[in-house]
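Two complexes are shown next, each including chain A; its partner changes from chain B in the first to chain C in the second.
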Partner chain A sequence: MNKTIEITVKLFAHYRENKFKVQNRTYPEGTTVRDVIDDTGIDIEKFPVGILLANGRHIDEEYVLKDSDVLAIFPKVGGG
Partner chain B sequence: MADKIYRVNMKDLSYKIEEVPEEWMGLGGRGLTSTIIYEEVDPECHPLGPNNKMVFAPGLLSGTPAANSGRNSLGAKSPLTGGIKESNVGGTSAQIFAKLGVKALIIEGIPEDDSTFYHLHVTREKVEFEKVPELVGKNNFEVLDTMLEKYDKKVAVMTIGRPGEMRMPIANVSVKDPEGKFRSHGRGGLGAVMGSKKIKVITVDAEKYKETIIADSEKFKAANKVFAKSLLDHPVSGQALPAFGTDVLVNILNEAGGLPSRNFRSGNSENAEYISGETMAETIKSRNGKTTHGCHAGCIIQCSQVYNDKEGNYLTSGFEYETIWALGAHTGIKDLDMIAKMDALMDDIGIDSIETGITLGVAVDAGILEYGDGERAYELIKEVNNGTPIGRIIGGGTGNLGKLYGLTRVPVVKNQGIPAYEPRAVKGQGVSYATTPMGADHTTGYAVATNILRVGGYIDPLKKDGQLELSRNLQISTAFIDSTGMCIFVAFSVLDNPDTMPALVDMINARFDINLTGEDVMEFGKTILKREIEFNRKAGLNSAHDRLPEFMKYEPLPPHNVVWDFTNEELDSVLDF
Partner chain C sequence: MDKEREAFIKENGKDGFLSFAAHNSAVKVFGATFRDIEEDALRLGIVPFRYKRNQSTISAESQKKLFDAHVAVIGCGGLGGNVAEMLARVGVGKLSLFDFDVFEEHNLNRQNFSTIESLGKEKVYVVKAALQKINPAVLISPFVKKFNPVEDFDMIADADVVVDALDNPQTKLELARKCKENGAGFVHGAIAGMTGQFTTNNTLENLYHEGGAGAESTAGNLPFTAAFAASVQSAEVVKIILGIGKTFKDEILIADLLNNELVIIPAK
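Up next is the complex of A and B:
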């Protein structure tokens, strides 16, 4: 049996609509951020991905998740 | 008719309407206020004395149909920082000044008879002075109502509350917005300067103004179309800001470990979700408020909002991230309704909600209130308005309170409170806070864009690499943008879309029939910064003041356990051009 990882996924801004704020999710080892984005079904056509953070550090979609990572997914947002 | 300089002398209640000197022709907004302060104000003068001046100036494109061009600049020597200050505002004043042909309003001197306050009314032909003892001690909304009874409802209104009358360093100048609420020349205590000149309120005639003259209106229209489209196409200014406002930043900074919490003890706050932009947007919708709202006519970004109370009645608008951070994460108040109530009170009494909030968070360390005690914080703001001793202590701002209570954890640069972005964990922003001539001001070189938001590329917020150059370039281009009358949020598009800045420059060229280039823009920004730095140097602010608070060098900030590690030489190189 393939090994799995437990991660925490947090969604923000437009991505929360009809989805969730925070969830613990289980994935096979080797899962990338892009896989998680696809799996959550967030609307990246309408709201392109802006900021991805794993454990508070900026990462990109190719990042391979590790067990107990906290992944935060934001669309392009800003303020000031 | 050509634009004029309106020069008021409060000493003898006189005014002159002057031709614009050749060398001021191409200037507006911050570029003009900083140039006039630099050329005419003795840097050693007392900010509240007879030799300081206040200069109001609309941006180069204010009063035109250019999208988002309604920002007005106010400059003076700051009683908070002791250096030069420019603070710009939305509202209606920029467009009304520009359409009336007022290139700048310069206010000099202090009245010989200082027994009461004055109302100044500016029209195309003259400036009228009226004693207004009946308005002394009144809050902003009451002053506004009185002015709206007297004049056409579109009249521009700039007023100070009681803290301004009492010349407190946190006092702001409040400006009527299109909805009859207030926007603020918030930072640097400019309300105290207006109070020192014994001016309670300034109104500007909005009945007899003419449309602003545009030299080449076809070229202007074409450029404005490209410009406006670029703002709407950018996901930040086109989608996120209208939906969630600036408060959307709470969760981002919190996730990135850069949300200063408990007076800069951590980069994460347990209150983030309660005070987040997402929570605010949900709350607003459930109470029939508005999530989209502009601070000035012609704004197409609409980042502001109307926030109602539980009963669905208006509570506040212009409810911004930095204010919510200061009261929520820094002072610990997690009840967004209570923060909104405080925001509304601060609008009414005319104090800088950023400086006040930062001061309250430091007041927790001083033992004046408990962390998270919103009721007490609200009472303290009332004390500010009543001018009681504790109110005066809060009203002195962050740096002064820290001194009075013997604290070392005092988040200020040049005595102005550091807002909302942890310098140790958002290092590019830290460089801007340290080196800008304005004191800790988040708008002067918004490196958060590239450090955190991935706008204009990406530079790792926790590393030093690339930060000095990033801050330098942002500070230069911001000095230019602040001179155009443009809202700073056009910068997101400027950073990501190569068409935006040329369109902005084309609009200026079409308006004045000139030929600015992209290179000129950078030279323009540098020239303004040089004048501001030169003023500060002569005022006694030198490179030793271009530093962050010392505790940031030796206290690692969780969760990333980072310290502030730029050398003095590195910081001194940022604006050395």
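Up next is the complex of A and C:
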């Protein structure tokens, strides 16, 4: 049986619309941030991805999540 | 300094302040500019009365430091227009303003110097004219120009602080890199809908993994978000110039005004 990891996903600002603020989610080992972004169904066409943090440290979409990681996803903000 | 001018300013300065009327009299009597008299007064530790409510957060000595400072504001839209106004009011002595655009109807919801009359006019000229009415001591250099950080940085090489009031991530990234290379103070701000983000760290790669537009394309830009962002940025500028307080040098502030959530995270 494949091992799984349990992570906490936090969504910020525009990503919360019709989604959630914080949720515990279970994924197979080897899951990347990109996989989680796809799985949450956040609309990255409308709101492209900005800051990504795992346990308070900056990461990118290729980052492979570990058990009990806290993943924070912020939309990109670029207006003036 | 001219001895007679010095004597006049000292004589007319009351309780350490020079009134607008006395300031104007000195301009007439000595054929000097408004800016010259302000400089003389501040050198003598006499503060133009207009700055009375800056005290005592900003001392007479600090007021002179602000007068001597040069701040480049890159972009004169929702962020830049508000930043320029706040810096002129607080007493920053020299402002360079960059924007290639004219005021358009869709700017009216948030850009402080956009009015029915200013539609179709170059933003930097409108902002300069308005700022001169607010504070004639400020030296304002307007440039109708799409600022290219790589090619145009020489134009702002002597700026003490550069304000990122641009509206696209790619140019923001380039501006931050050039400020880092040149050791210039850098204050980033960006908004989308009711969200703003800020840092005084000159590395933006963690905020923008790639250069394309952000949530603002869909969420727009609201007036209170722009003014909030400009306030945070202006406070950072003043703290950098005066070397006071704590800045977002090592941190990023994310402000979500919809959910009333302020988050501070490390910049790196």
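In this section, the second predicted complex is superposed on the first by the 77 of 80 C-alpha atoms of A that agree within 3 Å, B and C clash if a C-alpha of one lies under 4 Å from a C-alpha of the other, contacts with A are read in each partner's own complex, and residues count from 1 in each chain.
Note that a contact is a pair of C-beta atoms (placed from the backbone, for glycine too) under 8 Å apart; a residue touches a chain by one contact, two chains touch by 3 or more.
Computed from a predicted model, the values in this text were never measured in an experiment.
J.: Specify the outcome, clash or fit, for chain B and chain C once both structures are aligned onto chain A.
T.: Clash: chain B and chain C overlap once superposed on chain A.
J.: Is A:14 in contact with chain B, with chain C, with both, or with neither (first, second, both, neither)?
T.: Both partners, chain B and chain C.
J.: If the shared chain A is used to align the two complexes, which stretch of chain B, 132-140, 150-158, 186-194 or 348-356, clashes with chain C?
T.: Comparing the options 132-140, 150-158, 186-194 or 348-356, the clashing one for chain B against chain C is 186-194.
J.: Of all the chain A residues, which ones make contact with chain B and with chain C?
T.: Shared contact residues on chain A (touching chain B in one complex, chain C in the other): 12-14, 16, 47-48, 50-51, 53, 56-58, 72, 74-80.
J.: So in the complex, which bits of chain C are touching chain A?
T.: 75, 77-80, 165-169, 172, 189-197, 206-209, 212-216, 218-221, 252, 254, 256, 258-259, 261, 263, 265-266, 268
J.: Which part of chain B faces chain A closely enough to touch in the complex?
T.: Going by the criterion above, the answer is residues 234-236, 239-241, 243-249, 251-252, 255-257, 273, 277-278, 303, 321, 442-443, 446, 448-449, 452-455, 458, 460-462, 488-489, 492, 559-560.
J.: Over in the complex, which chain A residues touch chain C? Could you list them?
T.: Answer in residue numbers: 12-14, 16, 46-53, 56-58, 60-61, 72, 74-80.
J.: Please name which positions on chain A make contact with chain B in the complex.
T.: 10, 12-14, 16, 21, 47-48, 50-51, 53, 56-58, 72, 74-80
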